[in-house]
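Listed after this line are the structures, all set down as structure tokens.
You will see chain A twice below: alongside chain B first, and alongside chain C after that.
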Partner chain A sequence: MATHTLDITKEHCPMTFVKTKLKLAQIAQGDILEVLLLEGEPLNNVPKSAAEQGYHVIGISHVEGNVHKVIIKK
Partner chain B sequence: MFDFSEEEINRYSRHILLKEVGVEGQEKIRNAKVLVVGAGGLGSPVILYLAAAGVGTIGIIDGDAVDLSNLQRQIIHTTPDVGYSKALSAKEKVNALNPHVNAIAYQEFLKADNALDLFKGYDFIVDATDNFPVKYLINDACVLTGKPFSHGGIFQFEGQTFTHVPGSNCYRCLFDAPPESAPSCAQAGVLGAIAGMLGTIQSAEVLKYITGVGELLTDQLLTFDARNMDFRKMSIPKRDDCPVCGKQPTIKQLIEYKQVSCELKQH
Partner chain C sequence: MADNQQKKLSIIAFSGEFDRLTAAFTLATGAAAVGYEVNIFFTFWGLDAIKRKTGRSLVGGTFLTKIFGFLMGGLKSTPTSRFNFFGAGPRIFRFLMRKNNVATLEELVEAAIALGINLYACEMAMHVLGLKQSDFIHEVKDTLGVASFLEISEGGRTLFI
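What follows is the complex of A and B.
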């Protein structure tokens, strides 16, 4: 079980979730994806959208400044 | 797998966002090969939407040239295309719309002697034709080779469509054989926009088939009358005594019917 990282701090809605979905499609079942994103719209929407589409959001943590990490299990 | 470029991710982002399509569905669309028979009123929206969607290979067969009277509804062609091959005109629009699509133009008409070979290279066939002989040819060729297809027909303000997959009802389950008489010249009028309505429904069916989303228009007939925007769906069960897909089929090879209509060009 591998852990992957995706930085979407430079993306805007809806590309934030598009990039997250693409990365989730590329990793193996059971792998972990750590998504680095900004607070505000991305932090509000990406975990919610991921959960709505059937992915398992296992945690959200503050990294530094306005950057947060959303941890998703495929 | 899923090696989409940044440009493709951006281009197809609205598909990828859909839960039912996603990256996996977009990959299926990219791998799909669809043959569109006819680059006219129905073929125009079908080809454009399939190209926009990123269908990897789109075959376009039409032996006709663009006529000025086509432009009222055949929106893939433009005024400078008058006199030019419809297949080539459509292919060029596809290339301009989406360079990721491999568009193949066949400047010929579908016949009993080329249909089976041509269909072999494709996963799905779209009937975007305007005459009964070719509609029966497509139906029979698809039933005989086990190919799925979308049937489409328009007349004045009305449209009809169904989707066939191996085992579901076919065109002959509905109508045994071509009609004795075809519409007269005076009946050749058609509201241009209904070609877009019907062709767009057909392209949605193709994309649903490729991605496996939802339920197809199989064993049903969708009809509409744009005069009052009345849409109806009726059930058409597969017929055991169908001459081509029934239990004891009498049609085992392709039949080249003659078109019975006035000579008016109405593509």
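What follows is the complex of A and C.
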């Protein structure tokens, strides 16, 4: 079980969702993806859409400033 | 809508303008990334977005359709609906998009393909413009008519852009 990191703090809609979706498709079943993202649209909707698509959102934590980390298990 | 039923968005891409195509592909890729099944049906000027030759070329069966094909061009020669300034507008937009780290139209098309969005070409418009499926990128799944489009878009949301 590997852990992968994806930084989408410099991305804008729709690439925040697109990059997360494509990364989740790439990694193996059971792998963990840590997504660094900003408050607002990405924080509100990236974990929500991951959960809706059947991925397991393990946790959301504050990193610094307006950056947060969402941990998703495939 | 039942939980196990996949949400669906179907877009009729009629416009061959840079900004409208950007809007269509932004909606399409965003929807696909959050789990929607997405179909884009390209018709008339929208067909420019899926041409294999992205610049100006003499595609089309007859002299007249070849001239049309050349004037319409492909993805890289799409004009903006406002402030086109004889072709400078899209270049300025591409510059601003890169500068602000916003996906360009070409990047959105690449993302649409990577996300497995269903791309369809309008059979009737292809016939009028003298285009064949081989004139399009190979990711175009099929050529469709109205009845088939209504069938694939059934049960979802449909947008005309």
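Methods note: the second predicted complex is superposed on the first by the 74 of 74 C-alpha atoms of A that agree within 3 Å, B and C clash if a C-alpha of one lies under 4 Å from a C-alpha of the other, contacts with A are read in each partner's own complex, and residues count from 1 in each chain.
In this section, a contact is a pair of C-beta atoms (placed from the backbone, for glycine too) under 8 Å apart; a residue touches a chain by one contact, two chains touch by 3 or more.
Keep in mind the model is a prediction, meaning the values are calculated, not measured.
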### Message
Tell me the contact category for A:Asn45 with respect to chain B and chain C: first, second, both or neither.
### Response
second
### Query
When the two structures are overlaid on chain A, which partner does A:Gln53 contact: first (chain B), second (chain C), both, or neither?
both
### Message
Just checking: does A:Gln26 make contact with chain B only, chain C only, both, or neither of them? Give me first, second, both or neither.
### Response
first
### Message
Just checking: does A:Val63 make contact with chain B only, chain C only, both, or neither of them? Give me first, second, both or neither.
### Response
neither
### Query
After lining up the shared chain so the two structures overlap, which partner does A:Phe17 touch, if you call chain B first and chain C second: first, second, both or neither?
both
### Task
Using the superposition on A, tell me which residues of chain A are in contact with chain B and, in the other complex, with chain C.
14-15, 17-18, 21-22, 52-53
### Query
Mind pulling up the chain B residues that touch chain A in the complex?
1-2, 4, 9-10, 13, 16-17, 19, 22-24
### Message
Residue numbers of chain C touching chain A in their complex, please.
### Response
26-27, 29-30, 32-35, 100-103, 107-108, 111, 114-115
### chain C partner contacts - residues on chain A that touch it in the complex
10-15, 17-18, 20-22, 45, 49, 52-53
### Query
Okay, in this complex, where on chain A does chain B touch?
14-15, 17-19, 21-22, 24-26, 52-54
